[in-house]
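Pasting the structures in now, so scroll down.
Two complexes, one shared chain (subunit A), two partners (subunit B, subunit C).
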Partner chain A sequence: MVVLPRPLAGRGLLLLQQAPNRRVGWMRVLAACLAGIAATGLFILFIDAVSIRHMFTHASPALVAYMTMGQEAPAAGLGLFAVAALAAGAVGAGLALMPAYWRNTIFMAVLLVVGMALLSELISQVLRQILNGRPDRLLFSQGALRPAVAAIAAAAVFAWRGLVPRIRLRVRDRLPQLEPERQRQVSLAVRGAGVLLLLVLPWLVGSYLSEVLANVGLYLLMALGLNIAVGLAGLFDLGYVTNFAVGAYLMGVLTNSGPQATGEFNFWLVLPVSILAAMFTGLLLALPVIRMRGDYLAIATMGFGEIIRLLALSDWLSPLIGGSQGILFIPKPNIGAFTFQTPQHLFYIILAASLVMLVVINRLDLSLTGRRWMAIRDDETVANAIGIDTTWIKTLAFTLSAASGGLAGAIFASKLGTIFPHSFSLLISMNVLCIIIVGGMGSIRGMVLGTLVLIGVPELLREFAEFRFLLYGILLMAVAIYRPGGLMPARARHYRTEPAPQPAGGTPATSSSAASG
Partner chain B sequence: MHLLELRDVRAAYGNLEALHGISLFVDEGEIVSLIGANGAGKTTTLRTICNLMSPTTGAVLFDGRDTRGVEVHELVGHGMVMVPENRGVFARMSVYENLLMGAYQRNDKDGVRTDMDMVTGLFPRLGERMKQPAGLLSGGEQQMLAMGRALMTRPRLLLMDEPSMGLAPVLVDQIFEKVANISRQGTTILLVEQNARRALALANRAYVMETGRLTLEGSAADLANDPAVIEAYLGG
Partner chain C sequence: MSESLLSVSGLTMQFGGLRAVDNVDFRQDTGTIVSIIGPNGAGKTTLFNCISGFYEPTEGEIHLEERRITGLPPNKIARAGIARTYQNIRLFRNMTVLENVMLGQERLLRTTWLGSIFGTRAARRETEEVVERSHAILAFVDLDATADRQADELPYGDQRRLEIARALASEPRLMMLDEPTAGMNPSETADTERLLQRLRDERNVSLLLIEHDMRFVMGISDHIMVLNYGRTIASGTPQEIRTNPEVIEAYLGSSAQD
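Entry: the complex of A and B
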C-alpha cells in the first residue's frame, strides 16, 4: 500500500517543479492530486474489466483485490484509493515546496532504503562473509528490510548530510595551512589507506563481489586503452574487441593443456607476448584505416571487430584455436606452487594490471605525445599543416591503445579457463565505448567511475540483467543531455602543467587569475 | 632562385578543376599578396603549395626543390608553414600548448624558449593568456595565436590565409601591423586576402586571381593604381 502511491507522489512533484512560480504551487498540488486520482481510477477500472494477465503475470485477482482494498465492488475501493492517492499527491507536492537541501536529503534517504531492500540478498552475503552467525537477520526478516533498520538508515543519511559539509570545510581550511612536507605526508597517508582498502577488499566482500570487481577491472583496462584512441586522439574505434580477442586467444593457445595444446607455456611468460601481439595487430589494422576520419573510421574498425570474431569461428583456423568449440583447459596463473584460483586471488592480478595502466596512461596524458593526440582531436588538418606527423602519431595511438586491450584479454582467458568466439562480440566494443562516453572522454577518473556504473551496477542487479541495455540507453541519453562532457569530464589540468614564460615585451604573465577553464 | 615558385600549376577537386595553370613566385624577404574574390581559388592555391592537395600538372618548387611527394609535415621542417583560414587553433588546449605544438619538430629546447619569448614579445596578449584554453580567446587573439604558433616553427616562408576574416577593423589594423613586424624580422610572407586595399598597402608585389587564373601581377603600388583593380577590388 505504501509502494503504490509513490509514483503518484512523484508525479505531483514533477508537475510542481515545472510550475514557473512557486506561489501558485498549491493550485498545482491540487491539480497533481486530481490527476493522480483520475489516472489510478481509470487503471483500476481497466484491470477490473480487461484481463491483462497475459501481459503481466503478476496482475492476479489478488492484486486487484488488494488495490481495491478488498471491496467487492470496484467503485467502493476506488473511493478509498482516491483518498490515498490524494494524500500521496499532497506529500509529493509538499516535497517540491521544501528547500532543495531537505528535498535532496529525503530523496537520498528513500534511495538508500530502496537500494538496501533491492540488494538484500547481496548485503546478507557480504555480512555473513565478514561476521559469524547470521548478522543479516538483524537487518532483514524473510528477505525484507525491517522497518526499524529502514528508519535508522534514513536517519543516518540525515546525519551524514549534516556532518559531511562541516568536515569538508574543516579539511579545506586546515590543509593549506600545513607545511608542504606535512601536506605530502597527508596525501600519502590518504593514498596508502586507499591502496590498503583495495588490498583487503576481496576478503571483505567475498567471492561473488570479487568476481564482479574483477570484471569491472577488466573493463577498466579496456576503457583506459580505448581512451587513448577515442578520448585523447579523437579516433572513433569501434573494433576494440579485436585487441581483447587477440590477447585472449594468444594466452589460450600458448598456455592451454587441452586439445589445442601447443607448448603449455607459463602465464607470466605469455602475458607480455599477448600484449605485444595485440599491439602488433593494432599497428597492422591502423595502416589501412589511418587516413580515414570520423564516421568512416568507426565503420571500418567495426568491420575489423567482426572479422576477428568470424576468424575465430572459422574452420580454417579451428585446428589451431578450436573454432566454435573454443579453447578449453587454460590454466590459472601461478607463482611457484601458489595458484591464483579464486576470484579473490585473481582480483590482485587485475588490480596490479589496472594500477600499472593507470600510471602509464596518466603519464601519457601529460606527455608531449598526449598533447599531440589532443591537437589531432581538435583539428587534424591544422595539426598536420603546422608540422605534426599525424600519420605516425595516430598509428602510435592505435598501437598503444591496443596494448591495454591485449592485457585485459590475456587475463580474461586465464581467469575464465575457457574461451569461445562468442565472447568477443561487437557488444564488448560498444560497452567499452559507452564507458568512455558516460565516464567522460579523456578523463581517467571518469573511466573508473564509468566502469563502476556501467559494469559494476548491472552485475549487482542481476534480476534486472535483461534490462542492462535499457539502462545503457537511458544513461547515454541522460549523459548526452545533462552532462555532455561525461560524468567526470577531463579536468582543466592540462591548462596549467607548464610555467608560462615571461614575455619579453615587459608585461608580466598573470599567473593566478589565468588558471580557469 | 626564388624561395617559392609555382610553374603552371593545375589542381582539381575530383573532376572539377579549380586552378587552371597558376605561375607565380615569391622571393626571399618579400611580402607578396594574392588577392581576389570569393571562390577565385586563393585558398586552393595555398593548399596546393602546402601539399594538402597535389597539383594535377605543373610543379611547386620550394627553395628550388620540387615538393611533389613530400609529406605535409615535412614541408614545415623545410621552412614553410601555413596560418590556416579561420585560425584553426586547438580549442581545448592552452595557449602555451598551442604554441608548443608549433615547435613539434624542433629539439633545441633553448631555441624554443627564445622563440616563445619572441612570440610573446610580438603578441603581449598571448603572454598574458598562456594558461587559458585557446577556445576562450577572442577572434583577434586566436588569429594572433595561429600566427604565433606558425612562427614557432621558425619558418622561412609564412603562408597566411585571410588573416583579417571576421575581425573588427581595429583588430585588422593590429593584425596587419603584426604581419609587417614579422616581415621586418626576416620572414618571407605570402598573404592571401580578400581585403585588397590593406593587402596592397602592405605588400611589395601582388597577384590578382579570378576563377582559377592569375589575371594581373605587378608591384603592389602599381596594382593599387590600376583602373581595373580599383574598379573590381578597391570599390573605386
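Entry: the complex of A and C
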C-alpha cells in the first residue's frame, strides 16, 4: 500500500522542479494530482468493468483490489485513493518548495535508507565477516531494515551534512598555514591511510565483494588505458576489447595446462609478454586507421574488435587457442608455493596493477607527451603545424592505451581460469567507453568514479542485473544533457615552477618530491 | 642569396579550374618584415598554406635558407623554423593559456614518451624550463595574468595575441601572421600593431604578414607584395607600392572608396 503514493509524490516533485516559480508550482501539483486521480480512477473503473486480460495479463482483479486498497467496491476505494494521492502530492510539493539544502539532505537520507534496505543481504554478509556472531540482526530483522536503524541512518545523514562543511573549512584554513615539510607529511599520511584501507579491504568486505572489487579493478585498468586514446588524444577507439583479448589469450595459451598447453610458463613471466603483445597489436592496428578521423575511426576500430572475436572463434586458429571450446586450465598466479586462489588474493594483484597504472597515467596526463595528445584532440591540423608529428603521437596513444588493456586481459584470464571467445564481445568496448564518458573524458578521478558507478553498483544490485544497460543508457543521456564533461570532469592542468631551489644539503637521493603538476 | 631567409619561386596552387596562386616569386631576407596585401580571394592565405605545408603546391619551389621545404609535412616545416597564425583563430581551445604557449615550443623539446612515463629528471627539468619560458613569453604579450585560464575564455583580442605568443614560443626563424588584426576594434588593433613592432625591435623576428590596414602596413614593412587573382601585380618598398598605378587601381583605389 505504501507503494502506491510514491510515484505520485515523484510526479508532483518533478512538475514542481520544472515550474519557474513557487506559486505556479502549487497549481501544478494540484493539477498533477487531479489529473493523476482522474486518469487512474478511470483506468480502475475501466479494467473493473471490461476485461482486457487477453491483452494485458496483469490487468487482473487482484490489481484492481490492490489499487483500490482492498476495498470491495471500486468507488469506495477511489475515495481513499484520492486522499492518498493528495497527501503524496503534498509531500512531493513540500519537498520541492523547501530550500535545496534540505531537499538534498532528505534525498540523501532516503537514498541511504533505501540503499541499505536493498543491500541488506550484502551488508549482513560484510558485518558477519568483520564481527563475530550475528551483528546483522541489530540492523535487519528477517531481511528487512529495522525502523529504528532507518531513523538513525537518516539522522546520521543530517548530522553529516551539518558537519562536513565545517570540517572542510577548518582543513582548508589550516593546511596552507603548515610548513611545506609538515604539509608533505600530512598528505603522505592521508595517502598511507588510503593504501592501508585498500590493503585490508578484501578482508573487511569478504569474498563476494572482493570479487566485485576485482572486476571493478579490471575495468578501471581498461578505462585508464582507453582514456589515453579517447580522453587525451580524442581518438574514438571502439575496438578496445582487442587489447583485452590479446592479453587474455596470450596468458591463456602460454600458461594453461589443458589441451592447448604450450609451455605452461609462469604467470609473472607471461604478464609482461601479454602487455607487449597487446601494445604490438595496438601498434599494428593503428597503422591502417591512423589517418582516419572521427566516425570513420570509430567504425574501423569497432571492426577490429569483431575480427579478433571471430578469429578466436575460428577453426583455423582452434588448434592453438581452442576455438569455441576456449582455453581451459589456466593456473592462478603464484609466488613460490603461495597461490593467489581466492578473490581476496587476486584483489591484491589487481590493486597493485591499478596503482601502478594510476601512477603512470597520472604522469602521462601532466607530461609534455600528454600535452601533445591533448593538442591533437583540440585541433589536429594545428598540432601538426606547430611541429608535432601527429601520425607518430597518435600511434603512440593507441599503443600505450593498448598496454593497460593487455594487462587487464592477462589478469582476467588467470583469475577466471578459462577463457572463451564470447567473453570478448563488442559490449566490453562499449562498457569501457561508457565509463569514460560518464566518468569524465580525460579525468583520472572520473575513471575511478565511473568504474565504481557503472561496474560496481550493478554488481551489487544483482536483482536489477537485466536493467544494467538501461542504467547505462539513462546515465549516458543524463550526463550528455546535464554534465557534458562527465561526473568528474577533467580539471585544467596547472603547472607551477618551484619558487626557490631547495637548499642543497641533503643527498640527491632524498630529493625526490611529489609529481611535477 | 646567402642572407635570403625564404625564397619562393614559380609557386602555383591549382584547385580544380581555379589558380588560387599563380606563378608567384618572392624572396625575404632575414630580419625583415614583408607584407602581402590584396583583395579578398586574392590567394594570400593559400600562399601561406603552401609555405606551411598544408597544401602541396602544384608547381614551384619553396626554400627556407638553403633547405628545400616544398611538399614537406607541416610538422617538418614547423621544425625547420616557420611558425604561423591563422586568419580564423585556431587555439587549443580546451587547454589553458599557458599550455598553448608550452605547446608552441614543441620544436625545441627533447622529452620523449619514455621520459614522460618514467618521469625522468631530464623530462621534469624540461617541463619546468618550458613552463618558465612560457610565462616569460606570456609576459611579453601581456597575458601572463591569464596563464591558468582556458584559452577560449579569453576576449577575442587576447586570443589573437595568444596565437602570436604560441607562434613566438617556437623561436621561429620566420613568423607568418595571417590578418592578425582581423575582427579587432580600433584599440585592440593598436595594441596588436604595437606588439608587432616590439616583435621586430625587441625580438628581431622576421615577419611575413598578411594585413589590410594600409597605414600600418606602409609603416612597418620593409617590402610589400600585392596579389590579385593569385598573381603578383606589384612588389617593392612601401613607397614604390604607394605610387604604383596598377596597385592604386586594383586594390588601394577600391579600398579607398569604401
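Here, the second predicted complex is superposed on the first by the 456 of 517 C-alpha atoms of A that agree within 3 Å, B and C clash if a C-alpha of one lies under 4 Å from a C-alpha of the other, contacts with A are read in each partner's own complex, and residues count from 1 in each chain.
Assume contacts are C-beta pairs under 8 Å (C-beta built on N, C-alpha and C of every residue); 3 or more make two chains touch, one makes a residue touch a chain.
If you're wondering where the values come from, they're calculated on a predicted model, not measured in any experiment.
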item: Which of subunit B and subunit C A:V360 touches, first, second, both or neither; value: second
item: First (subunit B), second (subunit C), both or neither touched by A:T262; value: neither
item: Touching partner for A:L368 - first (subunit B), second (subunit C), both, neither; value: both
item: Subunit B versus subunit C as contact partner of A:L396, first or second or both or neither; value: second
item: First (subunit B), second (subunit C), both or neither touched by A:D378; value: both
item: Contacts of A:I386 with subunit B and subunit C, given as first, second, both or neither; value: both
item: Residues on subunit A lying within both footprints (that of subunit B and that of subunit C); value: 368, 371-372, 374-375, 377-379, 381-390, 492, 494-496, 498, 515-516
item: Parts of subunit A lying in touch with subunit C, wherever the complex brings them together; value: 360, 363-364, 367-372, 374-375, 377-379, 381-390, 396, 400, 492-498, 515-516
item: Residues of subunit A touching subunit B in the complex; value: 368, 371-372, 374-375, 377-379, 381-391, 492, 494-496, 498, 500-507, 509-511, 514-517
item: Subunit A partner contacts - residues on subunit B that touch it in the complex; value: 50, 52, 71-73, 76-77, 81-82, 84, 88-94, 96-97, 100-102, 104-105, 113, 116-118, 120-122, 124, 126-133, 136, 149-150, 153
item: Parts of subunit C lying in touch with subunit A, wherever the complex brings them together; value: 52-54, 73-75, 77-79, 83-84, 86, 90-96, 98-99, 102-104, 106-107, 109, 111-113, 115-119, 123-124, 126-128, 130-132, 135, 148, 150, 166, 170
